[in-house]
Amino acid sequence: MINAGIVGASGLTGKELIKILLRHKNARIKYATSRRFAGKKIESLFPEFTGLIEQKFISPADKSIFNDVDLVFLCLPHTESFEFVKKFYQKGIRIIDLSADFRIKDTRTYKIWYKTKHKYGNILKEAVYGLPEVLKEKIINAKLVANPGCFATSILLGICPVMDKLNIQDIIIDSKTGISGAGATPTLQTQYINVNENVIPYNFGRRHRHIGEIEDLIFNIYNKKIKIIFTPQIISLDRGILSVIYIKLKKWQKVEKVKEIFKNFYKNQPFVRIVDSVNLHQVQNTNFCDISIDGVKEKETLIIITAIDNLVKGASGQAVQNMNIVYGFNEKEGLI
Amino acid sequence: MINAGIVGASGLTGKELIKILLRHKNARIKYATSRRFAGKKIESLFPEFTGLIEQKFISPADKSIFNDVDLVFLCLPHTESFEFVKKFYQKGIRIIDLSADFRIKDTRTYKIWYKTKHKYGNILKEAVYGLPEVLKEKIINAKLVANPGCFATSILLGICPVMDKLNIQDIIIDSKTGISGAGATPTLQTQYINVNENVIPYNFGRRHRHIGEIEDLIFNIYNKKIKIIFTPQIISLDRGILSVIYIKLKKWQKVEKVKEIFKNFYKNQPFVRIVDSVNLHQVQNTNFCDISIDGVKEKETLIIITAIDNLVKGASGQAVQNMNIVYGFNEKEGLI
Amino acid sequence: MINAGIVGASGLTGKELIKILLRHKNARIKYATSRRFAGKKIESLFPEFTGLIEQKFISPADKSIFNDVDLVFLCLPHTESFEFVKKFYQKGIRIIDLSADFRIKDTRTYKIWYKTKHKYGNILKEAVYGLPEVLKEKIINAKLVANPGCFATSILLGICPVMDKLNIQDIIIDSKTGISGAGATPTLQTQYINVNENVIPYNFGRRHRHIGEIEDLIFNIYNKKIKIIFTPQIISLDRGILSVIYIKLKKWQKVEKVKEIFKNFYKNQPFVRIVDSVNLHQVQNTNFCDISIDGVKEKETLIIITAIDNLVKGASGQAVQNMNIVYGFNEKEGLI
Amino acid sequence: MINAGIVGASGLTGKELIKILLRHKNARIKYATSRRFAGKKIESLFPEFTGLIEQKFISPADKSIFNDVDLVFLCLPHTESFEFVKKFYQKGIRIIDLSADFRIKDTRTYKIWYKTKHKYGNILKEAVYGLPEVLKEKIINAKLVANPGCFATSILLGICPVMDKLNIQDIIIDSKTGISGAGATPTLQTQYINVNENVIPYNFGRRHRHIGEIEDLIFNIYNKKIKIIFTPQIISLDRGILSVIYIKLKKWQKVEKVKEIFKNFYKNQPFVRIVDSVNLHQVQNTNFCDISIDGVKEKETLIIITAIDNLVKGASGQAVQNMNIVYGFNEKEGLI
């Protein structure tokens, strides 16, 4: 049984982590921090946990966050993770960082997308991008796991299997996400009257930050420089990302053959399912990524559709999956 | 053709008013004010009006709001209406005030519910409560119409017809409202992730302000002191209020007879329909109030169900209906 | 480890049962029947279970349903349960019947509400109404548990605690339910375009069948003949019932005292929580019933609000809770 | 004032037509037919029209449908329009056919997509595809207007302006539609519990019938043989289609220049708006098509986003727009 801390636990990913860890056999929640709610009972902010957790939020400034803890989940906005990562790292506490700060290996790319200089290049070198289906070997025993972004997860799982198997011309991704991806802070955009009965494209083309993360990973692993087109859209629902990925090939490959490539790639991965058809109901509130594979021969274009729950496989579920891998627990523990 | 101004036009009732007035044959929008968006095109805030209205928001501090205008709609929070009402009133400009400031005749009651002293008792005496189906005669030629609250409209239309016809013991009202009733300002409560797939009771018992307005009106018109129980609930939709009204009678009256009372009461009212069954789809985006009448004889209890669109019959539609009555226009103009 | 069968597993309660039992440590799914889908893989109907369950639906006419099974869940429409109950009963297989057929002890009452004569009065005598918070002692070792209706659960948990503690005049219940309560068969009523953005009262007054079940239980346990008024309403969401219960007292009792009565009544019950405020998010996808207690002294009226998930505490979760009690498993197993 | 008949008026497009025509100054509803509801009052099926229309549905077999009527709207499934078109055509009654039967000029293409032989090639030659922004000159005085499909409208308005102005390599369209596009008949797919909180891709690649209609029109007008990739997706809302159109160019053209092309193309079209950003709220319940124009230079790919209301601009609104053009009424009459 390990002791896990959650830093920044009052948001949606923090809540989801608490929910998962409450069911986990090998990890207990040692503490959960919140600047705003420090001193308040966790169940007062999240009444769904009434009777399930006795603890109060503590302040992230509380020195005790370093005591008697094996691993911390950092559920912080980007740039706010830097100092926490450094301190936990120095004390030898394992870290799963759900922010974007340690996902991109190229610090110039980081600066382009996050408008700030990366502060800890040395630690960055140690960070492992926490996409278990692609990098499981490196995650085992990692000191610092950079947990992938939700869109990045839904896209990378749909393109990595063919990255070095097919000759790719263009990649266009059209993604639909529930509004929980925008977090718990109320804004005009996240209001019910704005989201309900709506579809809202935003940051499309090459404007969304996850492009940096995706292209950086593809370069690091497959040594390919790709430029994707990506259209995220908010739709009127809570949870889930469905990405339709159009891969234009330089040389056509039969759909059946591509399916085999995917099945082979994911054959020992408990959370990816190659299915005939995909919709969000299949994956909501689960850690699964469902993928369907199709294509249009006349246009040499594959159509890969992936679906995940953005808060589970796209965030806290994947974080726990990474924890399970780091510690050699059953990869599915707490997640099925 | 009259000139109408809208003060406080950047909220939901302002938007709805603009939409209705754009179709109105006898009134044109002279101006629309907004502190926050003064100088910006109306269509930049409300892109649905692109190409339909050329004007920019002006500041409510702009002196021109008193020039060349026949009537103003005040779409302001309570207590903010006071000074505007006074100034427009003094200049002889007709006013339809959508705030709560001039709805309650008893200033002590006003203070209880709004925690502030009423500033203009004399003007209050001139104000007419703008519920046309009950007070049409007084609305004709009114200088100041206090436009009813949304819940109050949905409840009063369900109880006024029997107020002096039946011997009433208790009234319990269980109302469900779309979140647009909470306005356009983003809060934790109005977020999509809070409202979606939820039912949220609030201010129930005798805590909601519309109780003051309802009981004050019943006393003024029917000379009865009633004490209602009222349970408002936010449900996961944009628009509409459905109120189930349980009226316990001291002496039972047959449902058929009660239906006749209602039909008779509303026989010349174009916007109330006595129907067999009620749901929100029948009234959304309309100025109708649909009412069904039923009861449980063994418990001497009538069950009156009313449905309105909170932004139309519960606010801006009723405001335009009042304007139509004030000026002798067709009562339905702009509204069907 | 016991073997459990599910008869009628292709509907919503069947699906929910499968989901819960897949996580249960002490029970395994021996079979799941479906007339329509017999021979098909369960995961082909419910793709969310892809990779989680290998079995195919079998026919309910298959003789093997009696072999090697300890307990069956019957997820059948009323009147269809009769013969299955009889057969399983005769073979000594324990039964948890989710239909209405064995809930009402008075066969005349059954006939009034279900328009058919009850066929098995003797077995009915053995049936235990499966509301653990009220009848746990009888459920232990029961051969046949009649699992309560969803509305009945949400209402009885809100009134039983005070039934013999307070002097009650009238009970009015205003309930809002998600559309999943109407089952998986497509009808005009269950279509998205009908339910979305709507509130639809139906069978209100004294027309809904759960009235029979509620009043029968209250008579059997508390020896009181009550006549409730009940207004069910479909609202635009999937899951959850929120019931606002207005209890008019003959003699007022302070809210604080009533809260104590409730807390005392539920003090050893893991799935009822007395809370300050209630909404559906707190209970969806859980087996909890959350209850808030308030009242209006001037009208001697308590306002009890309860919330459950209709498919979990209102059906399959409660069924598993009953199974846990019957077999002496941890009452929470599979449910938290 | 012309007399208009509606054949097949009990579905969603029929209901929308009634709603629009009730406000139209130059057309009155002469009759509305329904096989299933013949003899019933229209308001009994559509209670939102209570008090607004007195008529009953008549049978489509009723001979009177040919009497005293200037124009008919056919709201029928494909293949059912054939005989009605023939009869009305022979009697010289103008027709706006909302089915797919007369949209495709090439009868072989029709057969491929609709699996049936086209019955009336001669009449087909006279039919005008009713997309006013592209074919207004031909619609004036047309005897038979084939009203475009909803997806086809949303896509053609996004690609026609550049069809003969730019050198196009590939077109990929990713469309999201509300479920009302699937009609009023209840199916498993159209149930609330299936659609709510979901995204459901279907018939993607080159499987959706509107592909035939789109490519046929492009060939007829621009003499180009294109092959589009099209991914329709049902999302959890009632109304609206948002199409993201990716146009890969052989030779890049600046976004600003493309915007000019669009603005020029639509400069006299009252219902197309070139806007900076698009979402469904801007167009729901209106006859507008809003279009935004952007692109990714590095990939020579334009990103055109269009939004319409599928029941208005995508069906009944466009039908009335076509009627207005045929008769020389104000094009906006009844629609703003």
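In order of appearance the chains are A, B, C and D, and numbering begins at 1 in each one.
The rule is short, and it goes like this: a residue touches a chain if its C-beta (ideal position, glycine included) is under 8 Å from a C-beta of that chain, and two chains touch if they have at least 3 such contacts.
Predicted model, so just to flag it, every value in this text is computed and none were measured.
Undergrad: Look at the interfaces A-B and B-C and say which one is made up of more C-beta pairs in contact.
TA: Contact tally favours B-C.
Undergrad: Name the chain whose C-alpha centroid is most distant from the C-alpha centroid of subunit B.
TA: With centres defined by C-alpha atoms, farthest from subunit B sits A.
Undergrad: Express in whole angstrom the distance between the two chain centres, defined as the mean CA positions of subunit A and subunit C.
TA: 37
Undergrad: Cα centroid separation between subunit B and subunit C, in whole Å?
TA: The answer is 40 Å.
Undergrad: Return the distance between the CA-based centres of subunit A and subunit B, expressed in whole Å.
TA: 46
Undergrad: By the touch rule stated above, which residues of subunit B touch at least two different other chains?
TA: 194, 196-197, 236-238, 277, 281
Undergrad: Can you tell me which positions in subunit B touch subunit D when the two form their complex?
TA: 23, 47-48, 50-52, 197, 270, 273, 275, 277, 281-283, 285-286, 288, 290, 336
Undergrad: Residue numbers of subunit C touching subunit B in their complex, please.
TA: For subunit C paired with subunit B, touching residues are 170, 172, 174, 176, 178, 194, 196-201, 204-206, 227, 229, 231, 233, 235-240, 242, 244, 246, 248, 277-281, 284, 294-296, 298-299, 301, 303, 305, 307.
Undergrad: Using the touch definition up top, name the residues of subunit D that touch subunit C in the complex.
TA: 12, 179-180, 184, 186-188, 190-197, 236-238
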